[in-house]
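Next come two complexes built around chain A: one with chain B, the other with chain C.
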Partner chain A sequence: MKVAYYPGCTLKTKAKNLETSALACLDALGVEWQELERWNCCGAVYSLADDDLIHLVAPVRDLIRAKQQGHEMVLTLCSMCYNTLARANELMKHDEEKRKTINLFMDEEPDYFGEVKVVHFLDFLRDVYGWENFKAKVVNPLNGMKVAPYYGCTLLRPKEAGIDRFDNPSIFQDCMTALGAEAINFPMSTQCCGTYQVLGNPEAALKVSFDILTNAKAHGAEALVLACPLCDYNLGKRQPEMKEKYELAGDVPLFYFTQLMALALGVKPEDCRFELNREVSLEFLRDKNLVKATA
Partner chain B sequence: MPFFISKSDSDEKLRQKVKEISGENFQKCYQCGTCSGSCPMADHMTVVPRRLMALLQLGNRAALDEANTPWVCASCHACMVRCPRSIDIPKVMEAVRQLKIRDRLDRIEPGKIDKKQIADMPQIAMVSGFRKLTS
Partner chain C sequence: MSTVSEDLPTMEIKAKLIPIYVMGKKYEVPETLTIMKAIEYAGYKYIRGCGCRGGVCGACSTVYRKPGDHKIYTGLACQTVVEPDMYLTQIPFYPALRATYNFHEMTGTAEEVFALYPELFRCVACNNCTKVCPMDVEVMDYISALKRGDLKAAAEISFDCIQCGLCASRCMGELPQYHIAQLARRLNGAYLTPRAEHLKTMVANIETGRYDAGLNGLKEMDVAQLKKVYQEREMEPATAGEDWTPKDKSYL
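Let's turn to the complex of A and B:
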């Protein structure tokens, strides 16, 4: 089965390390994939106003593209794209009235009824590929690495779009355990990093992100793994700001889950684009002998 | 911030508008405070989510206008999944934001964002931020 890969805006620019490593993983796993042709930005956030249907046009158009190109499944990597596309798809499946309006509005496109399935790489691995098959592909187990999977909001909430239980999820831990790492469970793993409030209330976003990192460290995490480029920005790229503001802040290595997955699956470290992570993340991998000292 | 309950302060139009935009019946809220306890941003709000629901029930537009709550809300849905009354609180917050945004009152000015920050920030931060905080 060939899956349609939906990149979204950030994976083609600021999160190349997420895209490149994930696609290398798909190749290593033997999954046939094809980038969705003529995809457009999903809008990043799902429209919450009941009377606002115009913002659903963008994600629905992407889903129509997938249907037109003969795909049954759209695979996403960015949590925000996943959430927006999955929720738009649910609406097209279940809300007859709104579906009718949207289909009428886009009269140049074929009608859409939510036929395509939207998946995130993590639930694809669990439900389609299977953890056992996945484990069998691991050639460099990440033994002795204590990583804390950070879910954030959009992979789990609301329930209709969640890839796992919202209150006690395990899918991310299961993935890291399959790779041979020790997955650290920490209470704030599903708490929001502040997301777009980095624009509206940067100080508040910095504080919640700092709290999450502190919580993960207190539970024994050596590094954090995540799936969302905005979480990566708030929790990772803003660490220098945290160190200036909070006495207890220190550097925490941060990775996209696909980067560590790629290493475990035997992908060349060059294809993981670690140079786009912060230096502290690279140092961590050197200490663990996962990349060469010169890399 | 104390506020007084009086019939003259009760704005029925406000209640109707928020119900219409959100599609949610916030009158169901029985003030348990689970939303405020679940909210990661509550520390930074002048009025916590539970109290905002009470202001809406009362139709107190003046107190609602003063609250920074909907502008600090990150739409993370932590309140919604735990609400024992099954109120989609992020939709209510969105409706309160929309009341201002539809009057072209922007909360942030894109032109004033630091250039270096724009260069570093992922696109999804800007797309979502502008969607939520500007008209």
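Let's turn to the complex of A and C:
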């Protein structure tokens, strides 16, 4: 099994712990992967303005690169990259008029009609690899660790780009359960973390992030797992501010889902890059005897 | 009225004359000339927009169009041969903001580049920069590499850049690509590329006078002796392997 891998810029800078652990997982699962030889920023956010076609050029160019390199499927890890690429692909498949305009503008590239399939690691595991095969690869089960999968927005919305139904999704829970964890359902798992409001309205973003963490804890979560570097920033790196302003009781350990997956699949902890997480996350793993306490 | 004085030799132009349009004005020029020579043939004298005449200085970037073709073409005036009915103008300089920094205080991180050139993130991957580059540099690709913090890739991809500035002239995001690339190459060269350890040893050898005797010996020779020494010098055979050493090991 061979897949093309689209990393995205943040995974090469601020979220190396997402990339390194995910690639270690692919290796452990026996999936042959190849990073796209040429790629550019996906654009990060899918533009909702109907006539804003210029912001589709970046994701479409990435999909053209994948097609040029002979790939039928592109695997993504960051949920924002996934969303932007998947939606641009849908548009190129179904919107004839806009497709024509975009192809005409990008006249230095071959025409593109949405031929490449865009998948996220989670739906790749469910639909291509299969949960049963996946379960069979687990060597260090997570011992019933109570983790709350946090979807955020872009894995599920809109419907045509969602990897699962957006009202009551289960794909993330299924993944965590397969790893031997207890997946905690909580009502705010599909609420927005505040995203880029952290720039324009940081107070409002902080409040929703705080509510999400509080809600997850109230439902018994010991830790949160997520798939998006921006969610990680809002929900994780801003916890000190939440403690100060909203009396968040205790830090909440946060992981990229691929980090816990890697541990369960027998990847060495140093290849999971936990040092890039907050200290509380590492302490949590030590308490659970999933990584050794360092001197 | 002739513009050539009687006593100067006149050259017979054997090449076919073709029409070109310099800034909208038509001139008949020999078809064998470069744009630069053609412009001079037409009577212009360069004060700016001409430098090395060898295709490396970036001063003579030229934009042109061909009849019945919507595409923008670019080339260096000193390297590009004229074509019939080309409409051209030179763009010797294009303003682009160059950040000020104290290089010696930098360490070679992506964040330093992001802080100096935040407009980097205005790139929409339209690729106009790459399309317009007269040196065929994949400009958009090095901007993409920079956005993901890969200074080394940016330095390598932009290596052939001659700083003509045409990329900046066509940029939707108003980026000064060529200045950002220069910073990436500087940081890569100074902070990210491994130091050549053997160079240190060599410099130390020179400074301690290891080769002084040899050089002084050469200085004292006359031409005949020098020729003899040169002709009889030991050369590394073309087929020599990695482990080859000269017979005279005194300079190793």
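Side notes on the structure shown:
Please note the rule applied: the second predicted complex is superposed on the first by the 291 of 295 C-alpha atoms of A that agree within 3 Å, B and C clash if a C-alpha of one lies under 4 Å from a C-alpha of the other, contacts with A are read in each partner's own complex, and residues count from 1 in each chain.
The rule is short, and it goes like this: a residue touches a chain if its C-beta (ideal position, glycine included) is under 8 Å from a C-beta of that chain, and two chains touch if they have at least 3 such contacts.
Nothing here was measured: the structure is a model prediction, and the numbers come from that model.
In the superposition on chain A, the chain among chain B and chain C reaching more residues of chain A is B. Contact with chain C, but none with chain B, is seen for A:Met106 once the two complexes are overlaid on the shared chain.
By the touch criterion defined above, A:Ala58 lies against chain C but remains apart from chain B after alignment on the C-alpha atoms of chain A. Once the two complexes are overlaid on the shared chain, A:Val139 sits clear of chain B and of chain C alike. Residue contacts after overlaying the shared chain place A:Ala218 against neither chain B nor chain C.
Looking at the shared chain after the overlay, A:Leu248 reaches neither chain B nor chain C.
With both structures placed on the common chain, the touch criterion links A:Gly194 to chain B but leaves chain C unconnected.
Annotation: chain A residues 8-9, 13, 41, 43, 55 touch chain B in one complex and chain C in the other.
Contact residues on chain B toward chain A in their complex (touch as defined above): 20-23, 40-41, 43-44, 71-72, 74-78, 80-81, 88, 90-91, 93-95, 98, 107-108, 113, 120-133. Chain A meets chain C in the complex at residues 7-9, 12-13, 38-41, 43, 54-55, 57-58, 61, 105-106, 108. Residues 110, 123-127, 130-131, 140-141, 143-144, 147-150, 172 of chain C are the ones that touch chain A when the two sit in their complex.
Contact residues of chain A toward chain B in the complex are 8-10, 13-15, 41, 43-45, 48-52, 55, 78, 80-81, 153, 157-159, 166-167, 190-192, 194-201, 203-205, 207-208, 229-230, 232-233, 237.
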